[in-house]
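Each structure below is given as structure tokens.
Shared between the two complexes below is chain A, which has chain B as its partner in the first and chain C in the second.
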Partner chain A sequence: MLLLPLAITWFAALALAPLDGRRRAVGAAAVAALAAAYLALVWLAVRVLTDGPVEMIAGGWGPGIGIRLRADALGITFALLSLAVLVAALAFEVLGGVHERSLPELVLFMATGLTGLFLTADIFNFYVFFEVAMISSFILASYGKEVRHLRAALTFTVVNLLGSVVFLSGVTGLYHVTGTLDMDGVAQRIDEAPDGSVLLIAVLIFVAFGLKLGLFPFHSWVAPVYRDAWPAVAAMLSAALANIGSYGLLRFGAGLMPQELGLTATGVILLGSLSILYGGLQAVSARSASEVIAWSSIGQVGYILVALGIGGPIGLSAAILFTMVNALNKLVLFLAIGLRGWLVGATFALAAFSVAGVPPSAGFFGKVAVFRAGEASGHAALLALIVVGGALSLLYMFQVYQREYWARPTKAPPSPLAPRLLVFALAIGIVAIGVWPEPLLALSGRAAAVLSGGG
Partner chain B sequence: MRLSTIMTEMVARVILLPTLVTALALLVKGYTSAGDGFSAGVVAGTVVAIQFIVFGPREPIARFPSPRHAPLLAFGGVLLALAVAFAPLLWGDPVLTQYPRPGEPVVHIGALAFHTALLFDVAVFLLVFGFIISVLGGIGSFERHSQGGES
Partner chain C sequence: MILALALAIAVLFGSGAFLLLKRDLIRMVGGVILMSNAVNLFIVAAGLGRGREPIYPLPPGRQVSDPVVQALVLTAIVIGFGTVAVVLGLLYRSYTARRARDAALASPPEEATPLMEPPVDGAVE
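Our next item is the complex of A and B:
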């Protein structure tokens, strides 16, 4: 059943909407619903990976007429990743105590939007689920209700609404030149469309997803928002919602408009390189921990872009693998900086090692994959860049570690033990992935094969 | 403070029922002869909005069932829409499948045809209408709070 995960989160979100999310039972129910949806998703993933893509056309209409929903290896990989992040972040917040009644159902709505957009084969349906996820994230961003949280929410909402408009223009443009909203139809007919207009559309869509991802020239919102947002919310925004950006670039760029991506590959790699350097340098000079992580995330998405620009099975699977690893790092880092007390320093250090790409951590394999892609492209400068970026991340991460966990005596009382244990377990998970990376490597390979036509 | 004149008040009173009937007609027979819940909701919501504009927030609240229940209407609409959309999955059909299937006989009462798409439109109507009334009620209660001192 393709839609079971979607149905579970959607109905659960509605069922919990009238209830007070600050009560522990409601929070626990939301976590249970998300976990159930996750299990359904895992089951679907097993079917997709063994028997190939699962499809359904809404309303039982014929192909080309109805709205197509499809789970393939790429979509399911991103859905698995994003939902895992949401389960962890929501469980973290529920264990620590929820402050606002609407949090659990908003997270469930976001999960609905994310699952829906990763499992659709229709570009307008993609936009609709994209908005479901975005609208819940706008409200989530104000979670905490201090002035700084509201400021973060306002910046986030304004910038991302702008991004939505740009993306919708791109979708309209695609419909205009191809006459269809179905992804396969668009991919087939795009070659017959006039080159200039397709290039314009490609640029619009690139800008929209670049904004979402927080790439170098579109990064201005990232640092203030992640600095001011509540830690668990920052984790959800950066580790779950931002996946829309990389998924969109992969699906629309490599999947629907491969020619345009090939044409602009040099520019894409250049922007990615600038992102890596600029984000890294800003992170070194930033002061607070959350600001460093925010700048670091700008640098890290640069690797995704570089890998995407290199393209081919190696580059695309590196981009997917790096997205996964990066999301897990961000999740642990943002959750850890909200905590105080025993175990937290160790948790932060583990995730920081992963960001810097020190073995044995998941980050090491992410970096290796990008490095291999760089090697395949044959540019020595790219390899140097990846090494410099890694050195920068090691530097800024340990600056933060020194300031937060060595130099500053903890005045604040330690946080409750349960969330600390949860985050520590997640950090151990990152190391475990680094020790046994084969499943993740295989998954990213399968997902990349979807884009290069291997099914 | 009331901006309306006797003329606008009379017009607002007179158009209320005919517009609601029009909305009902739109609901069961839309532009391509299936129902159209969205425009029905907008039309019905607009006429209630006119009541709020002409008479101020107090009188419509006194005359109609309290707008405090409107969120429930919208909520019920969403639940019904989702239920109609996802129910076919239970017996193995794709989402949003319409019954009876094309070509099968449909129950008619006069010109009114009963099929599950109509149920979906009713749900959309409830959602749109309920949402508009909730917003109006919210604005109205805000105005009453801010004017609480006088009258």
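Our next item is the complex of A and C:
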């Protein structure tokens, strides 16, 4: 049952691989398969949230020997979020017209990798699914007709390969000091391991996920890649794939090495603050819309890091909530900037207000959650920082709106209506979440309870 | 033995990182290969025990080294190989597109240079 969402996307990817993805029917089949996997995931989520974590051991091995798969509230939350993003982005691209044959199956492979890594309880298996998602994203990043898309893919690939190498060293280190690959086993035995080596491993893993997420000192790849990538691909990379970074920091940091996270909390908050300021200021000075959004994403992940550094149930649930909200904002923004015509400006404005945290939008509740976490930490400077970051985001989003939708005469012909309607519906969804945020708040609270409950 | 392995890993990783920073794409791929192999060696080193090879039947009373790392390194080698193949594919596309091997990653983005059309296989609607 745990394998159902994985099996659907994987077999569908294999079945579609020999077919030409530019055909409408193939694209529609891929969207249908993703939607089916999503339904399976929703069903699994209902079971997890009512009866507790669902577990299975691959291959019918005994406990402690085989590779364990586990769906708990944290993993299932991230899986639901990432798969929703992929369904929307793929449907958008199929409606607008796919122009490379490999796109649908690559998205399905990426969905397999993402679902797998959110639902595994084995650190090496995590690495394997991580690579499944990464390799498909390397090829996806080159999607497009121009040289700049290829350049985006090369930059993205090289930087993220470095991240994979660093992460694999961290996983190996964890195995060496604890003698197990099972997440629960690692969490239990990590206290007996020598402190110095665990801290070194924690730094390695932090660097790897920081690279993935595009945090301040590791951000250099983010702006050129998101600027040059195809809009739908940029949406998938920033709203689905980057979730690996925040999930990894939560799972490995707060879940497996809470002591090390507590020890370095000040540094983590500092890096997050620098990310917010640096990303925000760069976004204000950036010219093109996609570049502004790319820099903004560096600023926005800073909030996640600040919330993670504050820790505790409030901080962790704020980090999870903000990740969800941020992913939805990025999805709508990146899809909207590729379009022209009626409704697009309104769509962009709705998502931009959500980024700035204006009520009633999903972003408002994300900001409020981080603000509450800052309040709990008792640092006035942190609260000021969150306000300044919000002001900056309002400023740069308004600049983009002004340049793209007010000042620029629309010479380009309007895009097809179907993708525009889809993105507008997604933007309405963001507002709907803002109007009725209880389910999302409850979900992030449950997910954070997994970490602070020691499971 | 541990010192020798540590030195080998350090040299491999260092040369890999040095090559990765080059503008030349072929050298960059070389760097990727070296670095992924440095990590493979690191995995083997993580299970380095002073025991016999872990082959059944196990000799009673004697230590055997850790067999799990060998399974891990095998997986890591396969993944590394696949990644290198993908990077080479990207490199080839870049080569055909620009007829030049340097990435020019730092140069400003030019507007809408069409890629050379890849050979179309299969019918297109």
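Quick note on the criterion: the second predicted complex is superposed on the first by the 452 of 455 C-alpha atoms of A that agree within 3 Å, B and C clash if a C-alpha of one lies under 4 Å from a C-alpha of the other, contacts with A are read in each partner's own complex, and residues count from 1 in each chain.
Just so we're on the same page, contacts are C-beta pairs under 8 Å (C-beta built on N, C-alpha and C of every residue); 3 or more make two chains touch, one makes a residue touch a chain.
Values in this document were obtained by computation on a predicted structure and should not be read as measured data.
*Asks:* Following the superposition defined at the top, how do chain B and chain C come out on chain A, clash or fit?
*Replies:* fit
*Asks:* After superposition on the shared chain, which partner residues are touched by A:L154: those of chain B (first), chain C (second), both, or neither?
*Replies:* second
*Asks:* With the two structures laid over each other on chain A, which partner does A:G60 touch: chain B (first), chain C (second), both, or neither?
*Replies:* In the superposed model, A:G60 contacts chain B only, not chain C.
*Asks:* Is A:L69 contacted by the first partner chain B, the second partner chain C, both or neither?
*Replies:* first
*Asks:* Contact-wise, after the overlay, does A:A7 reach chain B, chain C, both or neither (first, second, both, neither)?
*Replies:* Touch status of A:A7: first partner only.
*Asks:* Could you say whether A:A17 touches chain B, chain C, both of them, or neither, answering first, second, both or neither?
*Replies:* After superposing on A, A:A17 lies in contact with chain B but is clear of chain C.
*Asks:* Compare chain B and chain C by how many residues of chain A each one touches, and report the one with more.
*Replies:* C
*Asks:* Based on the superposed arrangement, let me know which partner A:A412 touches: chain B (first), chain C (second), both, or neither?
*Replies:* It touches nothing on chain B or chain C.
*Asks:* In the superposed model, how near does chain B get to chain C, counting Cα atoms only, in Å?
*Replies:* It is 7 Å, taken between the nearest C-alpha atoms.
*Asks:* Please identify the positions on chain A that touch both chain B and chain C, taking each partner from its own complex.
*Replies:* none
*Asks:* Given the complex with chain A, which residues does chain C contribute to the contact?
*Replies:* 20, 25, 28, 32, 35-36, 38-39, 42-43, 46-47, 68-69, 72, 75-76, 79, 82-83, 86-87, 89-91, 93-94, 97-98, 103-105, 109-110, 112-115, 122-125
*Asks:* In the complex, go through chain A and note every residue touching chain C.
*Replies:* So the residues of chain A in touch with chain C come to 20, 22-24, 101, 124, 128, 131, 135, 138-139, 142, 145-148, 150-151, 153-155, 157-158, 161-162, 164-165, 168-169, 172-173, 175-176, 181, 224, 227-228.
*Asks:* Tell me, which parts of chain A touch chain B in their complex?
*Replies:* Contact set of chain A toward chain B: 1, 3, 7, 10-11, 14, 17-18, 56-60, 66, 69.
*Asks:* Which of the residues in chain B end up touching chain A in this complex?
*Replies:* 75, 78-79, 82, 86, 89, 93-98, 101
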